[in-house]
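Remarks on the structure that follows.
By letter and in written order, the chains are A, B, C and D; residue numbering begins at 1 in each of them.
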Amino acid sequence: MSADLPRLAVVGAGIRGAMFARAVSQNPAADLVALVDRAPDLGAERASELGVPAYTGVDELLSRHPEVTAAVIATPDFAHRAAAVRLADAGIDLLIEKPLATTVEDAEAIAEAVERAGVRAVVGFENRWNERFLEVRRQLAGGEPGQVLHQVANLNDTRFVPTEMLSWAGQSSPAWFLMPHTLDLATWLAQAQPVEVYARGVRRVLPALGVPTWDVVTASFTLSDGSLVSLNSSWVMPTSAPSVFDFRHEIHTEAMTYHVEISPSGVTRYAPDGASWLQFGVYERAGRLRGIPIDMIDEFVDVLGGAERDLPDLRQGLAITRSIAAVHESLATGGPVAIAV
Amino acid sequence: MSADLPRLAVVGAGIRGAMFARAVSQNPAADLVALVDRAPDLGAERASELGVPAYTGVDELLSRHPEVTAAVIATPDFAHRAAAVRLADAGIDLLIEKPLATTVEDAEAIAEAVERAGVRAVVGFENRWNERFLEVRRQLAGGEPGQVLHQVANLNDTRFVPTEMLSWAGQSSPAWFLMPHTLDLATWLAQAQPVEVYARGVRRVLPALGVPTWDVVTASFTLSDGSLVSLNSSWVMPTSAPSVFDFRHEIHTEAMTYHVEISPSGVTRYAPDGASWLQFGVYERAGRLRGIPIDMIDEFVDVLGGAERDLPDLRQGLAITRSIAAVHESLATGGPVAIAV
Amino acid sequence: MSADLPRLAVVGAGIRGAMFARAVSQNPAADLVALVDRAPDLGAERASELGVPAYTGVDELLSRHPEVTAAVIATPDFAHRAAAVRLADAGIDLLIEKPLATTVEDAEAIAEAVERAGVRAVVGFENRWNERFLEVRRQLAGGEPGQVLHQVANLNDTRFVPTEMLSWAGQSSPAWFLMPHTLDLATWLAQAQPVEVYARGVRRVLPALGVPTWDVVTASFTLSDGSLVSLNSSWVMPTSAPSVFDFRHEIHTEAMTYHVEISPSGVTRYAPDGASWLQFGVYERAGRLRGIPIDMIDEFVDVLGGAERDLPDLRQGLAITRSIAAVHESLATGGPVAIAV
Amino acid sequence: MSADLPRLAVVGAGIRGAMFARAVSQNPAADLVALVDRAPDLGAERASELGVPAYTGVDELLSRHPEVTAAVIATPDFAHRAAAVRLADAGIDLLIEKPLATTVEDAEAIAEAVERAGVRAVVGFENRWNERFLEVRRQLAGGEPGQVLHQVANLNDTRFVPTEMLSWAGQSSPAWFLMPHTLDLATWLAQAQPVEVYARGVRRVLPALGVPTWDVVTASFTLSDGSLVSLNSSWVMPTSAPSVFDFRHEIHTEAMTYHVEISPSGVTRYAPDGASWLQFGVYERAGRLRGIPIDMIDEFVDVLGGAERDLPDLRQGLAITRSIAAVHESLATGGPVAIAV
């Protein structure tokens, strides 16, 4: 362990947390100190693979490792607040998975703790590290395409995600799980904030499968620049879809149209038991993980090391949580809901 | 001219009207009697190609040709009423291009005239003759896919359509010109009617080009069965798009997802001056026109000849006009608008 | 039965024969007289659906129905000769399914009989009725694209075709079953004839599944105009492919490139048990079959009725059989094989 | 400059050489020493951007920089030999752009020099660093797909490449420029070597444009394992193609089919002046180049630093040059040509 490198813990040792821990571990500019997970067995198993200790709570982490300087929070979406506030209070820099929180109250509590402590905080809107969107944003910022008029983003999951992958889908929704991605992208591309939303949803399939949440949600946002964002997310696509998610984003500007398709990877495999698009979101090369979420961790480490990077901050995290909360308010009331910018 | 065949006139001799006239003319089960167009030169030119007379008004048609039994109305969208009411009053069966009318008042006037006269009337929602949608509807009606949950339909035109193809685009909008197609399809597939809509639009590019209408409109419909329909239509796509329209329709049901793409034809042509998808909406074979709108005319003639066909009727035409009028009301008021079923 | 209409029999009552019989039956310009199939039960069942008698041999047909004027031959590919020669000798006009025959000797015997008798004969290269190819050919003939330089056509089937659909796959091959389609198209588009071929194949999967034929064949043709045609056909694609065939044809000319994709239909269906492209090669509308092979039958009937049509004739059928026989000779000898034009 | 890091020169300061130099320059595990280019102005300009000196010949490089330990050779394809042999003789490790050489004699001379000197040498078949192909190869090596039966790879360029991008296209061909990529991939995926080839080509468009080479080449290879490889390459695609190259690779195995499409990037841009697929082969992030050729340089540096990597070696480089030379021999003779393994 180098005395002068950032020293990170990862909180949450599920699929994403374990990947983030490995990303930290392989980054020569950071030290991985420990993993934290409420489930002692899971945490211990993942931690031992990486040669670090595991703890079941943030307090224990802080008391045993006063040298920790930063943390990645990858607990379930609804469970970010306690760890984030406690760590911020202790002066720890944070990368918090999207969405920042699933209630405005939680998001504000985290934002207040971060501001009070003066720590650095990044929200893990990982699509911002996708070069496809980065290049479109660069072109939009260059001015040639003119202003954005309208964006349509469909981001759907197969029913595998809410019924098998996530144990806590009933506490989430396609809006909480998927729209933070698309709404963050849309507002980042347009460089504007949501000011109103009207949303509608259907609950029929998932409740019957024992997951009490929305099957599909559609939300129509007006942004502060007068442009429009139409988001559609389903959590009940058939599992025969060639990838677990289906993601298509259209951007219409004054002079151009961009069609972005994220799911088709360029490789279609027809196997005896089905067809699939091979996925390269995260992959291994020469013993190291590579891919978009790894780039996100690496840039977080860069920032911890003092570099200047344009990363999604708490203000944006808060805006997205407020906006998705407004989606659910619109679903409940049936009318459009204003979003405080 | 056979005494016992339906005898048709076509009102409106633009691109569509001329095509319909030729479709009638080549159908052995019908006789084409005359063309009507306000522009004497245009009407005369098109009529002479088909060997029939041209008139500049419906009254002249009726007085000169009391033998007419049916008519196709293909005037500009906003100009259906006068001809339709006059012809219905005269006992003439009608095929009226979509949308039935661009005001609820006009649509109701036509519907009343048709009911009063007891004539047959069909509204030309031509996508219903597209086998892709017919087969999806057949499968939905068969029950295996379960109920429809959500549909997303993007139907866009390049800016060529409002700025060059149509002289009257300023009296229309992407909602009036494009959404009757997608909303009719969506409600026909779900077998349900719209009960509420929330719409938003942007006006920026087309007004600056001298066409005082919306660039893009997005509309979120709730149907009577609780399912949802999200429609997006732009009139400002760049002309480099490989076809003049871009049409993609997604249908999410309880058990399945259908992705329907209408614009890619299967043939991409890279020519020195650009790339395009060859289009086969209407084409000629052995001297005869073929394609979806020709099928529509042929089935109208079948009905005139006494056959039973399940064609879009005035009730549906009226519902779509009411719905698109509600879109514009929502655009004006900023709130959701209830649609009388 | 009208005295002056062509009176047709269909020989072979399998999937294709039954479809052709129905196509004749629904055509008002022809009369369907009878079906012929070696299997008495199959023939009788299919014939009774259409209200015509069935026979087990061509001789019986001719003796019982001296009024027959034309026939469609849809027996297995290797079994065209006997029926075709017998019918030609009797003065019957013929539509013979592609390939004309699977030996040069058979093909020449048919051609001689047809010439001797002076009957009309058409070979059923049905892709010529696909408007996508018709339009490309029209453009090529128009001269703007310049001369064709190179064509690459991949036409593959899933292993369902040789192992389940065809009982006689062991007497055929991907070259005999699939390349007549692509080679006919390529030579028709280029308006040139094959003069040499070099072919290679692999036999591994199908023999192990009890079908003693080639898994894949690749063939490289030189045409009489110096342009090139590369054909690839597999018979062992996995059954998870979204359609039973995969068909992609590229045409490179002096000024343009055309990419033709036939398999994706525009409708992708994700069902619980797999993904598929809905297929519209043949479909039913208002009680009638429609589609490419139906158009082929209808134009054959037009020709029987005296119309002029540019249909694939025996000379082309013979050239294709010679060429595919040369493919198999090249597979056997390992060297290029000249093709007599 | 660290005493213990590999010290590299880049020979050839064109588009590729400049990119490689920057890749070396940004790699913390290597030092960039100098650039070499016959054109003094070009070399000086590119070198000054990177803060290193430029020389016009390899001898000058070696005399001025005895500390150089490795070099990247990125001269025109036909001009690798002199620099490679001279550098190998001086004990310098080499990364040589594909193809190793454009004559068998040159390739053998390089291979002999490398062997004689005992230096490390890598051939820059950069598609091996494309994760799409890496993953397919991993699956093939895993055994589940069974043996490869047939591969079809179409890799085409628009006519921009031979007429505007390359000054030396007349000394190359679509076979020399494009097929080393596809043949290397195909043999690497199948883990087998070419043993015979039959090739055909057309020369019509490019000679008329002043570039005396083939417009298109098609080549049919038999591999040592009995599997087949069909390669098609055109250099005359229209410039309206959405990317400068069009690359599609199909792999048929005993149990599976893989379709790999490299050109569509997931982002289609419709701009006022044309449609394009944004390309991400090489891009910049946080001031650093990223992408497939950068990965190739980085792994070459890893190897120079002592790591074990499975990189394309001279034996493969030689096999590919022999094979493409055999393609041209077959083009000249019209018959199949055996390839010495």
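Operating definition for what follows: contacts are C-beta pairs under 8 Å (C-beta built on N, C-alpha and C of every residue); 3 or more make two chains touch, one makes a residue touch a chain.
Chains and their UniProt names: A, B, C, D = Gfo/Idh/MocA family oxidoreductase.
Just so you know, these numbers come straight off a predicted model, no measurement behind them.
A.B. asks: Could you let me know which interface, B-C or A-C, is made of more C-beta pairs in contact?
C.D. replies: It is B-C, judged by the count of C-beta pairs in contact.
A.B. asks: Just grab the chain with the largest centre-to-centre distance to chain A, centres being mean Cα coordinates.
C.D. replies: C
A.B. asks: With chain centres defined as C-alpha means, what is the inter-centre distance between chain C and chain D in Å?
C.D. replies: Chain centroid spacing, chain C to chain D, equals 43 Å.
A.B. asks: Compute the distance, rounded to whole Å, between the mean C-alpha positions of chain A and chain C.
C.D. replies: Computed value for the inter-centroid distance: 54 Å.
A.B. asks: State, to the nearest whole Å, the distance from the C-alpha centre of chain B to the C-alpha centre of chain C.
C.D. replies: 38
A.B. asks: Listing for chain A: what residues touch at least two other chains?
C.D. replies: 237-238, 241, 255-257, 270-272
A.B. asks: Which of the residues in chain A end up touching chain C in this complex?
C.D. replies: My answer: residues 237-242, 270-275.
A.B. asks: Quick check: in the complex, which residue numbers of chain A touch chain B?
C.D. replies: By the definition above, chain A touches chain B via 147, 149-150, 152, 154, 156, 198, 200-202, 204-205, 215-216, 218, 220, 222, 226-228, 230, 232, 234, 236-238, 241, 250, 252, 254-257, 334-336.
A.B. asks: Within the complex, which stretch of chain D touches chain A?
C.D. replies: Contacts found on chain D: 131-132, 134-136, 139, 144-145, 255-262, 264-272, 278, 280, 283, 285-286, 290, 295, 299, 302, 307, 309.
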